[in-house]
Amino acid sequence: VRRVSPQRLEAFSDGVLAIAITLLVLDLRLPEGDERPISELLLEQWPAYLAFGVSFAVIGIMWVNHHALFRRVRQVDRTLLFQNLFLLLTIAVLPFPTAVAAEGLQRGGWDAKVAMFVYSVTLVVTSLAFGLVWNHILRTPGLLRVPLSASARRGALIRFSWGLLAYSALCVLAFVSPLLTLAGHLGVAAYYAFEQLPAEPAVAT
Amino acid sequence: VRRVSPQRLEAFSDGVLAIAITLLVLDLRLPEGDERPISELLLEQWPAYLAFGVSFAVIGIMWVNHHALFRRVRQVDRTLLFQNLFLLLTIAVLPFPTAVAAEGLQRGGWDAKVAMFVYSVTLVVTSLAFGLVWNHILRTPGLLRVPLSASARRGALIRFSWGLLAYSALCVLAFVSPLLTLAGHLGVAAYYAFEQLPAEPAVAT
Amino acid sequence: VRRVSPQRLEAFSDGVLAIAITLLVLDLRLPEGDERPISELLLEQWPAYLAFGVSFAVIGIMWVNHHALFRRVRQVDRTLLFQNLFLLLTIAVLPFPTAVAAEGLQRGGWDAKVAMFVYSVTLVVTSLAFGLVWNHILRTPGLLRVPLSASARRGALIRFSWGLLAYSALCVLAFVSPLLTLAGHLGVAAYYAFEQLPAEPAVAT
Amino acid sequence: VRRVSPQRLEAFSDGVLAIAITLLVLDLRLPEGDERPISELLLEQWPAYLAFGVSFAVIGIMWVNHHALFRRVRQVDRTLLFQNLFLLLTIAVLPFPTAVAAEGLQRGGWDAKVAMFVYSVTLVVTSLAFGLVWNHILRTPGLLRVPLSASARRGALIRFSWGLLAYSALCVLAFVSPLLTLAGHLGVAAYYAFEQLPAEPAVAT
C-alpha cells in the first residue's frame, strides 16, 4: 500500500477552505442598476448578511476541526485522498446554497423554506463526507499516529451522530421556520466549536 | 488546556488575507452593456480606483501587523483560534464595503455619506477584533514567546486606542466629507505602517 | 544549467489548482432578476451541477497526479518552470469551458454539442501539456530523484496515450451525445484516479 | 533596524500572484441573456482569449522573476515590505486592464487604442515598482545573501531599463496598432522569460 504524509493534503485543503470562506463575500453586493438610496439597498439585504455570517462560522469551524482531525494522521492513502476531495467539494460548494438562502429569505414564503432546505441538505452531505473520512481513518491500521481508545472512538461516533441528526432535523425545520433554521445552523457550528474531538494523547507533532 | 503552534493559523490567515486583497480587483470592471466610449467609462470610475487603493493598503498593512503580532506568539488556544476567525471575517468582508464606498462616491450626496459611514464602521469592528485578539494574547500566560514589559503593554494599548478613536472619528466625518473620510482611512493605514508594535526582545524565531 | 528545488513550484501550483477548483462554484448561481420560484430555478440548472461535479473531479485528480509526479522530481529547470506554467494555464481556464458546458447542456441541441466539444478540446490541451512536462522530466538527466526503469517509462507512455486518446474520442462523441460525453469525462477522471503512476522506488522524501 | 526573514513575504506574494493569475479566467464568460448560438458567442470573444493568454504569461513570468529575486534576499526590512506590497498591487490589479483590453479589442477603433494604452500604462507602473524593490535591495547593505558584483548590478540595471523602455514604447504603439501592442506584451514577457537575472553565486538556499 502506497501512502504519503498528510502535509500537502493539509496545504491543499487549507487553500480550498481559505478560498471558499473568502469567496462568500462575493454574494454581498449592491443590485446593479438599482437607483434607490444606498441605505435602503443595504438594509433590505439583511438576509445576505445573516447567511454570510453563518456560512463563515460553518466553514471556519470546519477548518478548525479538519485541522484537529489531520493532526492525528500520520499517513494518507489514496482512498483518504479522494474522500477528502469529496469533503472539500461539499465545502467549496457552500457559497452557492448560501446565496440561495439569502435570496430565499429575502423573498420569504415558500421560497425561503425551499432555500433553507437546500442549505441544510448541503450540510447533511458535508457531515456524511466528514463521517466517511473519520470512519476510514479509524478503520485503517497505521493512518493514525496513535490508535484511539474504545471510549475515544465512541466519543467520535456520538459527536458525528449528533451532527448528522441536527442537520437532518434542520432539513425538516426549514419548512416550519426558515429563520430558526439559520439560527440552528449557527447553533450546530457553536456545538462543534466547543464540543472538541476526543482528547489526544501527547505526541510530538 | 490544549494548545497548538500558530503555524497553521498563520498559513490560513495569510490565505484569507491574500485572497481578500486580490478579490478587491473584482469591483473594478466596465459596466456591462454600456456603449459609451471606454475612456469615458474608465474616467467616471475614479471613486472605484480610490477605494481599491485605500482598501488594498488597509488589508496589506493589516497583514503586516497580523504577521508582526503572531511572530511573538508561541502557542494558540481555542479562544484565540475563534477570535482570529472573527478578525478574519471582518477583513474578508472588506471588498463589500469597498464596493459600497465606490458606488456611493460615484453617486455623491447622501449616498456617499452613508457609504463612507458603512466603510468606517466595518473598520471600527475590525479594530475591535484586533483588540480582542491582542488582549487575549496579553492576558493569557504562556501564549507569548516572551512576556511583554509593562511599558510595552502600555504602548500596545495606546496604539490600539488611537486606531479605535481614529476609525470612530471617521464614522462621524463620513457625514461631513466622504472624500476626506477616504483620505483619513489612508492616513490611519499609514500610521499603522510606521508606528510599529512595541520593540520585540531578541528571540530565535 | 541553473536549477532550483521544486518546493516553490509545488506551492504555486497547489495555489492555482486550489483556486481554480474553488472558483468553479461561481458558475452556480440563481439567474438575477428571474422571479420564478426558487425550486424551479434550482431544478432547471441541473447541467450546471453536473458540470461542476465533473470539473471538480477533473481538477482534483489532476492535483493528485501533479503531486505524485513532482514528488519524484529533485530539481526544476527553467524549461520545466514554463511548461508547468502552461499546464497551469490549461487547468486554470477550466471554469470557463465548464460554464460553457453548463449553458450548452441547458440549451440542448447544437449548442450542447459545441459546448461539450469545447470542453473536451480544453482537456486534450491539458493532456498534451501534462505530456510535455512528463516528457521533459524523463528526458533531462538529473531532474528525477531516481531514474525510471524502461518498463516504468513504457507504463507512463501508455498511461499518457490512453488519456490523450480518450479525450480525443470525447471531442468526437460530443457531436453524438453531449451528456454521454460529460459522463465520459467522469470516466477518464476515475481512470486516472485508480490507474496510478508507475511504482516508485523507495526514496526518502 | 528590525528585519525579518523573507519567508512569509514570499508565501504572501505567491498567494496574491496565484490568485491574480487564476482570477483572470473570470473575464472569460458567455454574455448573459444573449440567445445567439454558443459557437458564435465563443468566436466573437477572441480578444478575451488573447488578453487572457498574454496576461497569464505576464503574471506567470513575474512570479518566476519575483521568485528568482527573493531567493537572493536574506532579510526583509519594513521599506521592502511596503514596496513589495505596492508591487503586488500593480500585479493584482491586472485582471482589470485585461478585461478592458478584451472589451476594447472587441469594439475596435479608438476604444481599442485607449484600452491597450491603459493596459500598457499598468505594466509601466509594475515595471517601476519592480525597479523600486530591486533598487532598495541593491542599496541596502545586508539584505542580499551575497553582495552583487559591479557587472551584475550593471546587468540588472540594463535589464530593468529595457523593460521600462519597452513598456513605454508599447504605450505609444497602442495608438498605432492595438493588436501589435498586445503581441508586444507577449514579446516582453518572452524577453523576461529568457533573459535571466545576473548569474547568482553558489549559496546554500
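The first chain written gets the first letter, and so on, giving A, B, C and D; residue counts start at 1 in each chain.
Going forward, contacts are C-beta pairs under 8 Å (C-beta built on N, C-alpha and C of every residue); 3 or more make two chains touch, one makes a residue touch a chain.
Everything numeric in this text was worked out from a predicted model, so none of it was measured.
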Any chains in contact with both chain A and chain B?
none
Based on the averaged CA atom positions, which chain is farthest from chain B?
C
Quick check: superposing chain C onto chain D on C-alpha atoms, how many degrees is the rotation, to the nearest 5?
90
Let me have the rounded angstrom distance from the C-alpha centre of chain B over to the C-alpha centre of chain D, please.
26
Please work out the Cα centroid separation of chain A and chain D, and write it as a whole number of Å.
37
Touching two or more other chains - residues of chain D
11, 15, 19, 23, 26, 32
Could you list each pair of chains that touch, in label order?
A-B, A-C, B-D, C-D
Would you mind writing out the residues of chain D in touch with chain B in their complex?
2, 4-5, 8, 11-12, 15-16, 19-20, 23, 26, 31-32, 78, 81-82, 85, 88-89, 92-96, 99-100, 103-104, 107, 110-111, 114-115, 118
Chain B residues within the chain D interface of the complex:
10-11, 14-15, 17-19, 21-26, 28-30, 32, 37-39, 42, 52-53, 56-57, 60-61, 63-64, 67, 71, 193, 196, 199-200, 205
